[in-house]
Amino acid sequence: MRILVVNPNTTASMTQTIAHAALQVAGRDTEISALTSPMGPVSIEGYYDEAFAVPGLLMEIAKGQKAGADAVVIACFDDTGLDAARAFADIPVVGICESAVKMASFIARRFTIVTTMERSRIPIEELVKRYGVADSARVRAADISVLSLEDPQSNARDRLRSEIDAATREDRAEAIILGCAGMADLAHDLTREFGLPVIDGVSAAVKQAEALVGLGLSTAKRGPYATPVAKKYTGQLEAFAPQTLNSEVSTR
Amino acid sequence: MRILVVNPNTTASMTQTIAHAALQVAGRDTEISALTSPMGPVSIEGYYDEAFAVPGLLMEIAKGQKAGADAVVIACFDDTGLDAARAFADIPVVGICESAVKMASFIARRFTIVTTMERSRIPIEELVKRYGVADSARVRAADISVLSLEDPQSNARDRLRSEIDAATREDRAEAIILGCAGMADLAHDLTREFGLPVIDGVSAAVKQAEALVGLGLSTAKRGPYATPVAKKYTGQLEAFAPQTLNSEVSTR
Amino acid sequence: MRILVVNPNTTASMTQTIAHAALQVAGRDTEISALTSPMGPVSIEGYYDEAFAVPGLLMEIAKGQKAGADAVVIACFDDTGLDAARAFADIPVVGICESAVKMASFIARRFTIVTTMERSRIPIEELVKRYGVADSARVRAADISVLSLEDPQSNARDRLRSEIDAATREDRAEAIILGCAGMADLAHDLTREFGLPVIDGVSAAVKQAEALVGLGLSTAKRGPYATPVAKKYTGQLEAFAPQTLNSEVSTR
Amino acid sequence: MRILVVNPNTTASMTQTIAHAALQVAGRDTEISALTSPMGPVSIEGYYDEAFAVPGLLMEIAKGQKAGADAVVIACFDDTGLDAARAFADIPVVGICESAVKMASFIARRFTIVTTMERSRIPIEELVKRYGVADSARVRAADISVLSLEDPQSNARDRLRSEIDAATREDRAEAIILGCAGMADLAHDLTREFGLPVIDGVSAAVKQAEALVGLGLSTAKRGPYATPVAKKYTGQLEAFAPQTLNSEVSTR
Amino acid sequence: MRILVVNPNTTASMTQTIAHAALQVAGRDTEISALTSPMGPVSIEGYYDEAFAVPGLLMEIAKGQKAGADAVVIACFDDTGLDAARAFADIPVVGICESAVKMASFIARRFTIVTTMERSRIPIEELVKRYGVADSARVRAADISVLSLEDPQSNARDRLRSEIDAATREDRAEAIILGCAGMADLAHDLTREFGLPVIDGVSAAVKQAEALVGLGLSTAKRGPYATPVAKKYTGQLEAFAPQTLNSEVSTR
Amino acid sequence: MRILVVNPNTTASMTQTIAHAALQVAGRDTEISALTSPMGPVSIEGYYDEAFAVPGLLMEIAKGQKAGADAVVIACFDDTGLDAARAFADIPVVGICESAVKMASFIARRFTIVTTMERSRIPIEELVKRYGVADSARVRAADISVLSLEDPQSNARDRLRSEIDAATREDRAEAIILGCAGMADLAHDLTREFGLPVIDGVSAAVKQAEALVGLGLSTAKRGPYATPVAKKYTGQLEAFAPQTLNSEVSTR
């Protein structure tokens, strides 16, 4: 089984963190391909960056699918481009936010997501509503930038710890979800430190993808995820017409 | 990895159907133990049967946990006894309704559950609300008894087919969920017949359990799922006091 | 009119508190039978105890119905076994949580339930959602055990008072609901002490039951509360098959 | 115990129907005073009539309270003026819609309200949402005028029957609520005819009022139902200033 | 275009504040008629006052419509009488609460309404739910009387400021809505003082009314807003029968 | 006042339809600039097209803002790129779906949106939920392609009519919303034909934009719509880094 894990930002070092987390949990028969988006923002912080992360993400999915991937993980906690990817791909696509919150809902009744920037709090609250866990999940922001997580000099991890601590006391959180792919390597230590389940979305998504493939399930192609209509795309985005993206990739 | 699949009714032939479905999807490293409840109703049709299926279920979970199980699947679509089991067990416990609907939510936006008896429709609608998919899921009853599914002379399967057909037309269902553990063997054929994903809860739950174990996640023991308080149980149920059930089982 | 009030735990002294509260409000023509469950946990603290309180409860309901009861009150704030009881009984069945919150909704727009243990908070929040008062009701736990309410040496009542006080200030509660049958004797004094309506669920349920009987209303026997299907129950629970429970009781 | 039942329209013959229904269910110790509003519309059909039924209603409540009433029933299914009445009165006030739907929720999980005119359907749906039963209750209009219910020549009762019939088939209603005070006399016959509980709001409200009085509960006077601030009212409505209405009535 | 702005309380000085705010934002081609209700309470503080503000309001609407108004603004933040007015009038009618919250929803995802008295908090929360912004809007009360806003000696404005300050910190409000027509003149200064959008409902409603008129849209006359049925009104309210109110006004 | 109306697909003839509708309702002092996206899909039919319409849309917004626009209308019923545009722009941005449904909510309690393709139905239902009108709005698809609306030979308009007809009968719609910018020219005739308000989103959005500008309101820059963080964008999308897009445009 081959699972394509796409980091939709263009920071390769973060892809390494993501790949590491994915490999830790992948099944014996699962091969992980972790890829970095070839174009767009170096980090995804809010709605604007999110919009420009989609083309690179879809290009990688087109390539991965061509190369025989069995499922796709979108490794950004905003679940960037999830709907477009599901319509485009013939294989199952999972987001790390949706995987994390649904996985958490099997083991806890109240849990808290701790994300990076305040500007991402409302977008994640919207996802939480869409995924049906609004009564269970609270969202907190540690007020740190995404890339500061990679900087050993920054106080990012301390701020994260301090929000987790507040979540256990004020929200009576029974479990914690790490609300950024760049935190994927911290789940293990934080679980031990706080004595309650700390869930990383990348890991959750890999197991979710394995489960879907194992069940032989892929995106239903009726309704909103029907295959995009072949049509002309113009200008700088010409190559992204759905039929073109598929065939371009196949001829490379 | 050992997954305990408990059929909370006492009909052993249904346990075979369930075991078969579980084995079809279990990973290479997963061992499935499918057990039949030692006491209670021969089939679970509505709230009353459900209540009396819980003691036998918990007894099997106590035994299974003692014997080294890594996770439990409760193989009845009412998710009978799920909360009590989660509080009691130290290993993750998943229901087949919750597994099926959450799995479906990764591949479809609108889906329909087809269950057996009309009296189970509202209980399943309540689960659907609890699991956060009320906007996505419709519930239909085929008006058949649970055990008629095992009777080749009955028209149970035809009625089931006819409700699936109605779901695709009237509900615009993008996927179907089979709303009874006794239907576990039908998913494959119905998927082909109707040309859209047909999901069986037992299979979904096995993969869900594997995913949780693979992530090292178990039920959070803060709040509603904290370990039951040791206390005296009296009368016919004396042996079910939480501390007693655990130790009784261990000395057998 | 005869109202059967069943204490689904096995602590007879708590049944006395309950009976006392019931008698205080019962109408001139109402006869109260307060019974203690013959089997199961000595107190109901969370999901596990709840599951094992159901068989004893249903046995008492079967007996009470045989003996001519006109309605049943389930005197545990988790509304333990309410759905099974409604399906089984031919007479109306009311829970004390549902009675209390619906009664409160006629006199206040925002109210707070104060229960005993933290582990019961989420189960009661789920009931609150089911009963349609999620926008009106908050739930607080005083962090006391159920039986400590009977112990004059414990600080249980002080903790309860302290949560009521917090509810009036922080939740702007207009009324208070006592979230445990064991608190039934405190409503009167707390009403005076805090100067706002303090509602006890046992009393509320007795008046609710009288109202239903007075209206000639009983559980609708279509859909989820249809009479349980007669079927074989096995093992230790054989006697609880619906048809058996009814006839066994009748021949005693 | 004295319960004041106010018909907020000015049609005395409808008050008789209401009084009759109230007396049928009133307890042995309950005295019913059924009064007709002294001013306003002859029937309440939609939002406009509703607004002008409030002054007469409040005048009767002021008088009734002065005369020693223990509780008030507002006998119009729109629950006309309920909030204003609760703020004004020192005794409990119940609406017939809220009483009926909450009473129904103790005996059925899905029920249908059948009202008179299409223009009342949405207002009742709003009440249904407010009372927390939106998932349980459907609303249908029989497309008849309120006063036609009193006309033996009209086909009003046939249309009502036909909607009840549709509700049992299409909505799978387990119980029916009659959505107009003018239908109060029909509940008994329709219950027999359709073989399922048919609930009249006037009767339900009388028992609800008895229950509240029996519990010693009255409207909480914190927050939205705090006693109205004494202030000047001008023009034609001068006499309705809260302090004036109270004292005027008392000097009569 | 002529927009009728009705102050449904009888305090003329408040009408001046309202008129001033309306004129500030009215388009070049818009004529504003600001009128004071001829009867009822001097200020609207809670449900009781609200009920008695409706007759005067509808009388002014009848007159204004006769005189050729193109739209109506109801200038009280409780949206007093909105439904009755919509059914009665042939021209569009907008409330200031609904206009403010919907306008705010175009520029912010989380905003806070600051109103006057605590007793108005729950009524406004109900409006917020009805208008579909319950997830976006919080409501706070500054604990001041409506008319104190007009008193330069009172500390009303300081209390208002203090709640706005709390909203920006505790609710993370991105914008503020002033929850009383009597605050209409403060929006400009508070916007500058707090550095975030502060929205006045009167201004919002005037622009909303202009938009509806500009689109040629008026209240749909099917369903709940169908023209009231002509019928007899009796007693002191005789002149308010819908057909009478229309013709009386026209003959003046 | 200058309002920029961006057609986010690349079909210039549709921009003309849109411009025409905008001009019909624009105020005397409003200047309309209707622009066609310079890159991306020729029509937006589902999630995939939507994602690729965003870059061209944002480029036009950057240019328009530079050129002095006061507000932006995004003229696609999926409200494509709305959140990214709000974060990016310093001027108010409105979508045509959100404008239409909020405008409709001032004149009707139940309304139906008729869109083009079935695959757009669920995305619009999600918007409807987000905009708080899920209880009021139904969504129907006429099963026509977007560009067929421009083809006089197609039966697109007949199908649209037939869905409107069904909406008035089956949904009891009080008003209709046209769910595609390409239908903007049909509102006037359909209003006359069906005798109920038929609302076009482009017109609604123009008036909404005028209202916001008239009130001096723009997007709150706290929280999710804070100005995007300046950062490196790579590859083909380099020019879209927020700081670059702003300055590039300004130097042209």
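When the chains are written out, they are named A, B, C, D, E and F in that same order, and each has its own residue count from 1.
The definition used in the following text is that a contact is a pair of C-beta atoms (placed from the backbone, for glycine too) under 8 Å apart; a residue touches a chain by one contact, two chains touch by 3 or more.
Just so it is clear, the model here is predicted, and its values are computed rather than measured.
Enquirer: By that same contact rule, can you tell me which chains touch subunit B and subunit C alike?
Expert: Looking at subunit C and subunit B together, the chains touching each of them are A, D.
Enquirer: Would you mind reporting the rotation angle for the C-alpha fit of subunit D onto subunit E, rounded to the nearest 5 degrees?
Expert: With C-alpha atoms aligned, the rotation comes to 180 degrees.
Enquirer: Can you work out the whole-Å distance between the CA centroids of subunit E and subunit F?
Expert: 29
Enquirer: If you average the Cα atoms of subunit B and of subunit D to get two centres, how far apart are those centres in Å?
Expert: 45
Enquirer: When you check subunit A against every other chain, which residues touch at least two of them?
Expert: Only 109-110, 118, 122, 135, 172, 223-225 qualify.
Enquirer: Looking at the whole structure, which two-chain pairs count as touching?
Expert: The list of touching pairs comes to A-B, A-C, A-E, A-F, B-C, B-D, B-F, C-D, C-E, D-E, D-F, E-F.
Enquirer: In their complex, what parts of subunit D are in touch with subunit C?
Expert: Residues 25, 27-29, 92, 94, 98, 102-103, 105-111, 131-135, 172, 174-175, 196-197, 199, 203-204, 207-208, 210-212, 214-215, 217-220, 222-225 of subunit D touch subunit C in their complex.
Enquirer: Quick one: which bits of subunit C touch subunit E in the complex? Just the residue numbers, please.
Expert: Touching subunit E from subunit C are residues 109-110, 135, 172.
Enquirer: Contact residues on subunit B for subunit C in the complex?
Expert: Interface residues on the subunit B side: 10, 38-43, 45-52, 54-56, 58, 81, 83-84, 86-88, 118-123, 126, 130, 145, 223-226, 228-229, 231-238, 240-242.
Enquirer: With touch defined as at the start, can you tell me which subunit A residues reach subunit E in the complex?
Expert: Touching subunit E: residues 118, 122, 129 of subunit A.
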